[in-house]
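One structure below.
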């Protein structure tokens, strides 16, 4: 099929649709937008971690020439937003809960004036004792960060109280029996730090109100629909009064999924009646958007002497920060992934999420999984070492396969993990490895496996045939740079056998696009792809109806032909074009051709016959992609600095709709995971984040990144997936810290349990090992 | 206090207002209507604001507008157009090395300057040359390969 | 604040006059450091004196005694690549080639960089190892200060108000001596966690002369003649190296910050010194 | 930022106490202290100039003595800002005086300082070093002044 199709159909590495505008600087991002009469916004951030707001004095700021409006919590109603727990106002109200929290905002004629004016706002605070760690938050006498937590609306059966936001537990089998059957047990405690998303584009928004009082909002986001929901909830606005749109997005990774400054910008636009744009500085973006959760994982695994894993007990403690955001989901997901891709019969994973007076933590590529993966996958290596077994052989002995169940009981309809492991093993020459040895350096190789979901929540697609026979696709899925516009267009083109440039893709718009929960959770290819395929099928049905009438034949005699044609089987010259059909539909019979398909992922996470769940925030989530990574590192003996020199990433994506984009996701995920593993950490001095800048927070450059990044695509087709596809957005990051840690162990005979594995930690461990022996 | 300065950008004269602390980046974006040059960090680290001044790459965020009066400034808008991309841009288009695109203008400027100086740049030279520019999406490999392709194409 | 101006004089005299006329004015060289600090709101100069047109700050002069005089406006890139350096003077080009990244090296200047004395910067230790002197000009004339005396405290130099760095004089290094700059940073282009700058002269199998300076480990580059002496006459064996390294580590006064803890910085000083010696072994064999 | 240090003054606890609660003495010993004014017996207002190379700031602070146990212990809270709230400073400090032999006194101080705003973004490590050196200079000035009295 693909052989005779136009270039660009499914399976082809076509360039991004918007690549020309991006390479030539013409792509428009939120900071590049403007509107006539536009004001500029700026925020004032809280200097306190936890304080009651006693009073505001905005007179001096308002008196400054060029200042049009000052917004504080007093100007807002009681509306609160939150993905799982509605605990957050558009701007701090009554209390501030972290250093850097927006506590007031100004709209002024220029950005410079706005930024000067916020400093003239006087706020009287009563400082309260702060909670800086989850352990402190759980203490009996801890200050309470949200006094009204019990009254907040929650969208899941939250087990909460005090500073405990959520306690979630999953279990299957009999844990005690499992550990009793084990010949030995390994256990450890693992700590991972906050990581900044650091999309190179800082967050921002532009809103304007029309004469009828309706607001149009453009913003850096991962879901125009989540933006609409958050703004309307926090400002008490009917959703019909807000239209949410997106310009090009300069990267997301999770931080643009829920709201950042959009509610503030909408409030300023509504109060002033003028367009308002607010772009955060890099430092503000660091301090008040969101970041990856600091997490502590206790992991205990029971094993038989033949290498069979029989029991695992995992306990996680997650720092929520000041607001719930996506955190209950992150907690639940980390527990769902805690067993790893292994058939361990007796498992319990339990976690607690605790409010602290730090910035809110939220969704970040991997969604909790990279941390439990780091614990679980380094522990597998520890077990292999104990058994004197090859770590890959140990994994192969225990991995899941097609037809097996995931933790909780959902059945794996496709699983290419074994193929991934075999491919990575072969490509890296794992079994005959002969690593180059450089004086002063130690080399090692490590492996880690991972899985990640592709399916959850609701999605739709609308496909229309325009008068000239070209096709218009509208899904509401925001392309944040990962390439979904291109991939969805390829699917649509393939389904209708038209060239890619015969399909236009609409920019998401809450006025005109079908609902899409968001570009997150590696879900767009799978969930939105299914909607596209469904909508295209509906269009094809309508086209066939017309064609049958036009050519006076029966439906069964018709076939879709490449290039936008429907012909009669076996009769080469006998065909009608989409153009002819569409003209007929528009002007004479049947009406314009519009196909749509919406659906919600409805496969239960938990099979009650197999597992028990308490406090789980998502009842329906699943469809797994798999990966096996082999990484080579080189550790400098003088400093303890570890560098990745080569990596092989085998990934089962079901079907690679655009193999080049799959590679892009894997390579980008790898390097972001490498940063998390080796250099990146947000550091607080008491309550204050001390490295909110690119001078102090370091992400890898070209010179810190290996050029030898090999992606190996495995295609274990998912029966329900669009053309067999599954998601690939996050899995490239998930196993990286564990694979690097295992390689460092191989190189230096040390085992690190805390990220990042910075030179200081590596060197200290090397010294300890040297003294110990 | 602001004063009038005339900047020569992409071959055109732009009369602009600039204060002592006004950077070239701000003037390009806000007054010259050239938003292709991006603000990522305003500290000279990320490289998204790279432009050519006198043919050499610099950080527009660390360059004061008033210090550019007699210098030729070239921005991303000046090195190629969607219809006529330069060799680096064409290679990025062809190899799928672009993801979110926010770092891309700076990356194109850095790579264009690099190839100007080292037309036969090998992978290592390119990695060195592009270490000025952060990309959070790609993992760099495809960008480095694209620039290498541009070098090979230019050579042949 | 209302008199903010930028002046771009063409002669050093005019530049100094402008600095003198407007107290609180600052000299603008490449901008890599100063503008970053202005953007962060850390410095707010009343006026700026741009030095770009002052040709006399640009030149490089070979001195009769084998020394080199480098103009303050020399870009890092030039120092890294267009090397007029001989023997151990190359410590400067090694250091320059590791400052930030190619674009910033294309902007930043020697004078601008050292005028700030950032403890993580690369030039200070290299200049001390090269036994360089800093040429300072002011209203009352020119003075020459040794690099060791020039770097005074955290972000503080011997520059008085109204004075400028005119250039740097690098004395001839001993014939056959080797220069090297060993930098440890979290990622490429970051400020140093710690660095070792050195000039070493071998005589057969033993060290005839050595000059070591440690960067990133205190308010100013750390140089101890005693540590240099510990290497002289030895074959740079691990014993001698670790003794000298430990002495330097004990004398270091590094910060505890996001780049590394003070303990770690002290710990790696002897290790970086040993590594630096190992790195120059091939050059030594070639010499 | 937390600081802890101690120094010994060759004077009785009572004399040290008198000096350490005298705004005039504090002002003359504290580097950069430009002026000081007593607002009440337990509160002062002061201007303090801090310089780290080219980075210059003048903080207007108010110091309030919240706990006193003459001549053993004093706790004070310092709050202030510089340049129209470009940076904000807050500190809680405790001084403990310990009689060594009647003629000399050990002064131990323990301070928790937080700076937000523009100076908060400046390297914490160097700021801490600078504050430590200010502490040492203060201690030395204070010792000299009290011992001379």
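Residue numbering begins at 1 within each chain, and the chains themselves are lettered A, B, C and D in the order written.
Quick note on the criterion: contacts are C-beta pairs under 8 Å (C-beta built on N, C-alpha and C of every residue); 3 or more make two chains touch, one makes a residue touch a chain.
These numbers were taken from a predicted model, which means no experiment stands behind them.
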Per-chain Cα centre nearest the global Cα centre, belonging to chain = A
If you tally contacting C-beta pairs, which pair wins, A-B or B-C?
-> A-B
With chain centres defined as C-alpha means, what is the inter-centre distance between chain B and chain C in Å?
-> 29
Taking each chain's mean CA coordinate, chain A and chain C are separated, in whole Å, by 44
So how far apart, in whole Å, are chain C and chain D when each is placed at the average of its C-alpha atoms?
-> 35
In chain A, residues with contacts to at least two other chains | 690, 693, 695-696, 699, 701-703
Do you know which chain C residues sit against two or more other chains?
-> 36, 40, 101, 188-189, 257-259
Per-residue multi-chain contacts in chain B, two or more chains | 42-43, 128, 131, 133
Touching pairs here come out as A-B, A-C, A-D, B-C, C-D
What residues of chain D sit close enough to touch chain C in their complex?
-> 52-56, 86, 118-119, 121-126, 128-130
Partner chain D, residues of chain A touching it in the complex | 47, 99, 119-120, 283, 685-688, 690, 692-693, 696
In the complex, go through chain D and note every residue touching chain A.
-> 1, 84-86, 88, 90, 112, 114, 116-117, 120-121, 123-124
Chain C residues touching chain A in their complex are 36, 40, 101, 184, 186-191, 193, 257-261, 264, 267-268, 271-272, 274-275, 278
In the complex formed with chain C, which residues of chain B make contact?
-> 1, 3, 19-21, 23, 42-44, 47, 50, 56-59, 61-64, 66-67, 110, 114, 128-129, 131-133
